[in-house]
Amino acid sequence: MNNTSSPVLAPSRELEVFPNPQARDYSIHIEIPEFTCLCPKTGQPDFAELALVYVPDRQCIELKSLKQYIWWYRDQGAFHEAVSNQILDDLVAATAPRYMRLSAEFNVRGGIYTRVVVEHRAPGWQSPPAVELP
Amino acid sequence: MNNTSSPVLAPSRELEVFPNPQARDYSIHIEIPEFTCLCPKTGQPDFAELALVYVPDRQCIELKSLKQYIWWYRDQGAFHEAVSNQILDDLVAATAPRYMRLSAEFNVRGGIYTRVVVEHRAPGWQSPPAVELP
Amino acid sequence: MNNTSSPVLAPSRELEVFPNPQARDYSIHIEIPEFTCLCPKTGQPDFAELALVYVPDRQCIELKSLKQYIWWYRDQGAFHEAVSNQILDDLVAATAPRYMRLSAEFNVRGGIYTRVVVEHRAPGWQSPPAVELP
Amino acid sequence: MNNTSSPVLAPSRELEVFPNPQARDYSIHIEIPEFTCLCPKTGQPDFAELALVYVPDRQCIELKSLKQYIWWYRDQGAFHEAVSNQILDDLVAATAPRYMRLSAEFNVRGGIYTRVVVEHRAPGWQSPPAVELP
Amino acid sequence: MNNTSSPVLAPSRELEVFPNPQARDYSIHIEIPEFTCLCPKTGQPDFAELALVYVPDRQCIELKSLKQYIWWYRDQGAFHEAVSNQILDDLVAATAPRYMRLSAEFNVRGGIYTRVVVEHRAPGWQSPPAVELP
Amino acid sequence: MNNTSSPVLAPSRELEVFPNPQARDYSIHIEIPEFTCLCPKTGQPDFAELALVYVPDRQCIELKSLKQYIWWYRDQGAFHEAVSNQILDDLVAATAPRYMRLSAEFNVRGGIYTRVVVEHRAPGWQSPPAVELP
Amino acid sequence: MNNTSSPVLAPSRELEVFPNPQARDYSIHIEIPEFTCLCPKTGQPDFAELALVYVPDRQCIELKSLKQYIWWYRDQGAFHEAVSNQILDDLVAATAPRYMRLSAEFNVRGGIYTRVVVEHRAPGWQSPPAVELP
Amino acid sequence: MNNTSSPVLAPSRELEVFPNPQARDYSIHIEIPEFTCLCPKTGQPDFAELALVYVPDRQCIELKSLKQYIWWYRDQGAFHEAVSNQILDDLVAATAPRYMRLSAEFNVRGGIYTRVVVEHRAPGWQSPPAVELP
Amino acid sequence: MNNTSSPVLAPSRELEVFPNPQARDYSIHIEIPEFTCLCPKTGQPDFAELALVYVPDRQCIELKSLKQYIWWYRDQGAFHEAVSNQILDDLVAATAPRYMRLSAEFNVRGGIYTRVVVEHRAPGWQSPPAVELP
Amino acid sequence: MNNTSSPVLAPSRELEVFPNPQARDYSIHIEIPEFTCLCPKTGQPDFAELALVYVPDRQCIELKSLKQYIWWYRDQGAFHEAVSNQILDDLVAATAPRYMRLSAEFNVRGGIYTRVVVEHRAPGWQSPPAVELP
């Protein structure tokens, strides 16, 4: 058990990664129900739930760093479509995954519910064929 | 953060768009539970829930403008089949999407429930192959 | 808004249609939970829930006329299998759809539950390939 | 059976009543999922689901007239609390019931859900004691 | 076992009763999901589900006769409140029960759902105290 | 362990009892989903689910005997209300319980669902006060 | 409406059929929750729920006759597997359907639940390809 | 309908009220799923869902002002217990209600879920007796 | 942490207890889904789920001993009512609780489901009044 | 926003408190799904979900300290009844609440599920009467 002082947490655009301990294809599923940013037109808060899944290649996302990255948007103005693509782009740039998909489900605004789903596929990567268990 | 006066909202047939911030295929899911128009035969109010999904190409639909567009039908006479096709046509004309589908579920009238489902596929566009996660 | 007197409603075997406002393939789903007719053997009332879906070609079914058509069966003797086929035949004759399916779920009689499912496919019509959203 | 022309429907603040066919205490439960009015500040549409229950005294509410009364609000500006009390007041004035309760559940606005519950009790009226069935 | 010809069924306002085989308080619960009558204003069909419960005194309702009684309304014009009270009145007149309650839940009409609940208590009858099982 | 030949089972009106092994108030809940008898008017089979609960005094119902007793009705004509009271009367006569309640839920016949609930309370017996656990 | 005397019902092994009113492929789904027979070893009652679906060719099963056929088993000894196959064989012999499947779900006996599923396919018959609605 | 410019929204500790349009006891239920503040110890974001119900006396809470008041906490450090009491105190000070209750359900932190429930009762106010509908 | 050899487990009628560490009223809820014994008439296995709750006085039931006690019934013939009372008696004898209730739900046998509920109340003990949380 | 170093976390029997910011009666509900300790007999891990609710008097429990206190049990041997009472005793000693209740639901061990519920009531404290909202 490590009892030294835990590092100070602060919002940050930096995404830390660590080496993927495995060469095989496997999937990491992450749910982030506490995303909030600001509407660029009115400055009012927006809220969303993010669902991320990816198949890592050489790098994995460090989770405390991901928390700080999500936190960074708290004071940023961001359109639904743009911020969903931006988060995927940043995560792809940091980890170069074999596959990654982000679904962002925004709280209702003006009586309208919006969900944006973006995905990245590394060139040449193919998902393994489905397994039908005996 | 921009705190200047928010623009006045009013019903409008105009659909504003903005440039799609991404070239990749991704999907935008929009639910509009507050659609209302008038029956062209009797003048009485009709109500429906709309579910829209699309894969944008160069243009995305601006949501506040979509709200005003939906609002515009509040005083219009409209048959179920015609208005469902009209909304899809208008949205396709404004955004030229790669794919778009609209489902309109109307409240019961005369003991009959009606749902109309219309879709548009850009010539040559194909949906990406399904991914089977490991 | 048209506020003139609404037409008088009465049971009728006539099915009114109107020109399909669109050339594209799309589907119309109609649920009719209030179907009732008479048992041809005993004269006692029978009840059923009808679910109709169709892809129109040149004609759509006018809903008020459909309601009157359904109403017409209220005083008719009708066997389960025959009436299900008869309704589909009448709707196909009136609208010549690309595709149509009718499911009729009858209330329990003598401890037995019956559901009849009938469909029509226009020669040469093929349903569009499934779309896998990104 | 009366098959003459049905009367023209139009929005109206008038509430028609008819004589209660019974002297006993009994309850009438009415759900109106299609209430819509306008926000008095912004002019934008508001939507609500109304649930009404009452124990009539000498008058009952005529349902077609109630539909037209609800329709009348479609073009009126109305605050949540005021309109809920106004509807109850109008219904009480028209029918002088022994008991009446209205619950109005408004669609989310600005991330906030509101429900207003108002009730009227005629002086001296008491609900009957509960029955415990053998 | 009696295999002679079953009696002919026909709609009828007559309610047959038979002597209650017991003196004790007990309850009979009856659900009738297939009630239909006509709207007295428009002549169009109305549908409802009836739930009846009663504590018989000297007479019980004969079920086949109840079915024919319900069937009788198929061609009658009837307002929601009046018909609910009428059915209770007829059943009370035929059986003089210790307690009886009728709930009539009508299908949606004009976007409005209605349920009418009426009950009869014989003077001096009291429901037995609740039992708390060990 | 007794491994001698199991006794032959046959339908029987006899109800066997055995001495209640306890003086305290306690409850025995028995569900019998497989009750069937014949309609005395038409000779056709009827089906019901029985739910029995009782607080025994000096005698308990022997279950195999109860099964044979229920089986005995398989070839008997029986009206809903009469058979429910008859079964309770027989069980009370056999066991003289402190409290007993029988609920009989009959399968739908002619579109009508019926449930009969009968109970017996021994004079002077009172259910124990409810316990509120800390 | 035919109000003459309804025919006497009695258990019978005869299955009546009537000419299929249609040449097209369609399906008839029948649920029979009230099947009962006797265990051939012990003579005790067995209970099952039957689910039947078929695509008729030239003959349809008459439902009242089916009820009498099911009733016939009430006094017959029958093993689970044998009776399921026997019923399918009898129905196939009577109607020569294009396709038929019977599922028989027996009530628990000795702590064991049993379901038997049997089907028949007419030589050369093929089910139509699935339709993907637009 | 008033279509002039809507007022600029900004976070604010001010709570606007408006005169209660009614003297009767009635209840207003408000759900606020988008509350967020900062942990005073670590500066990290906290999230909660607030449920408010009150019986107004002379003043009602203006909803847009409530939204801005909730928004104000976005950049404030606040302990769970203190902020729940603070919000109730502010709302009571602004509206002097007859009754008010606030429930604040905080998202999980360190594996621990917390909900704080606070209420205010005006001296001498009593809730009306419950109504048992016939 | 005590890592000495765990004692050998074996079926046993002995019930071990340990001193209740507290004087206050509190409740211990124990669910035992794996009770099995033998039918005294046929020698066949019976299965039941036991639910026990008690307010201890000076002694608590040791759980491993309870498991062995339950295990002991595996080879015992036991009637439903007798064994339920026997288990309660043994537990009361061993712990002299302030309150204890046992519910035994037996698996279906011969199409009949049985549940026995027995309880013990120490003379003079009263459950504390219910708490209504603010 | 305070971004200085967060304090080091470690298991600890110390419970920190802070002054209750309010004099009124209110309730704090805390769920702790991650409690684990060791079985004192076998040394094997035990798991439980704790649900705590209390009405504070002068002191509230500091949550981070509560987390460390719960963490402390990870390496302690603890019987179910004793540890539930011990935790309540420690929390009562630290905060002297007006009311406190702890429910500890332990994972199945040896086929037996156990839940212990303990509560503390300060002498003379009474819960407020229930409110019936209009």
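Which chain is which? They are A, B, C, D, E, F, G, H, I and J, in the order written, and residues in each are numbered from 1.
Definition applied: a contact is a pair of C-beta atoms (placed from the backbone, for glycine too) under 8 Å apart; a residue touches a chain by one contact, two chains touch by 3 or more.
None of these values were measured; they are calculated from a predicted model.
Student: In terms of touching chains, how many steps apart are chain B and chain E, taking the shortest path?
Tutor: 1
Student: Name the pair in B-C, G-I or B-E that forms the same interface as D-E; by residue number, over half of the contact pairs must coincide.
Tutor: Selected from B-C, G-I or B-E as the counterpart of D-E: B-C.
Student: Taking only the C-alpha atoms, how many degrees of rotation bring chain G onto chain I, rounded to the nearest 5?
Tutor: The best-fit rotation has an angle of 180 degrees.
Student: When chain A meets its copy chain H, do both sides use mostly the same residue numbers (more than half shared) or mostly different ones?
Tutor: Same-residue interface.
Student: Whole-Å distance, chain A centre to chain J centre, using C-alpha means?
Tutor: The answer is 35 Å.
Student: Just the number, please: Cα centre separation of chain D and chain I in whole Å.
Tutor: Going by mean C-alpha positions, chain D sits 55 Å from chain I.
Student: In angstrom, rounded to a whole number, how far apart do the mean CA points of chain F and chain G lie?
Tutor: The mean C-alpha positions of chain F and chain G differ by 33 Å.
Student: Specify, in ascending order, the residues of chain D that touch 2 or more different other chains.
Tutor: 3, 6, 9-10, 24, 26-27, 33-34, 42-45, 47, 107, 111, 117-119, 128, 133-134
Student: Could you list, by residue number, the parts of chain B that touch chain A in their complex?
Tutor: Its residues touching chain A are 1-3, 6, 18, 20-22, 24, 26-34, 56, 60, 63-64, 66-67, 128, 131-134.
Student: So in the complex, the part of chain B that touches chain D is made up of which residues?
Tutor: 9-10, 33-34, 36, 42-45, 47, 71, 74, 107
Student: What residues on chain I touch chain E, complex-wise?
Tutor: Residue positions touching the partner: 117-119.
Student: Residue numbers of chain I touching chain H in their complex, please.
Tutor: Residue list for chain I touching chain H: 133-134.
Student: Applying the document's contact rule, which stretches of chain I touch chain F when the two form their complex?
Tutor: Checking each residue of chain I against chain F gives 24-27, 38, 40-43, 53, 55, 75, 77, 79-82, 84-86, 99, 101, 109-121, 127-130.
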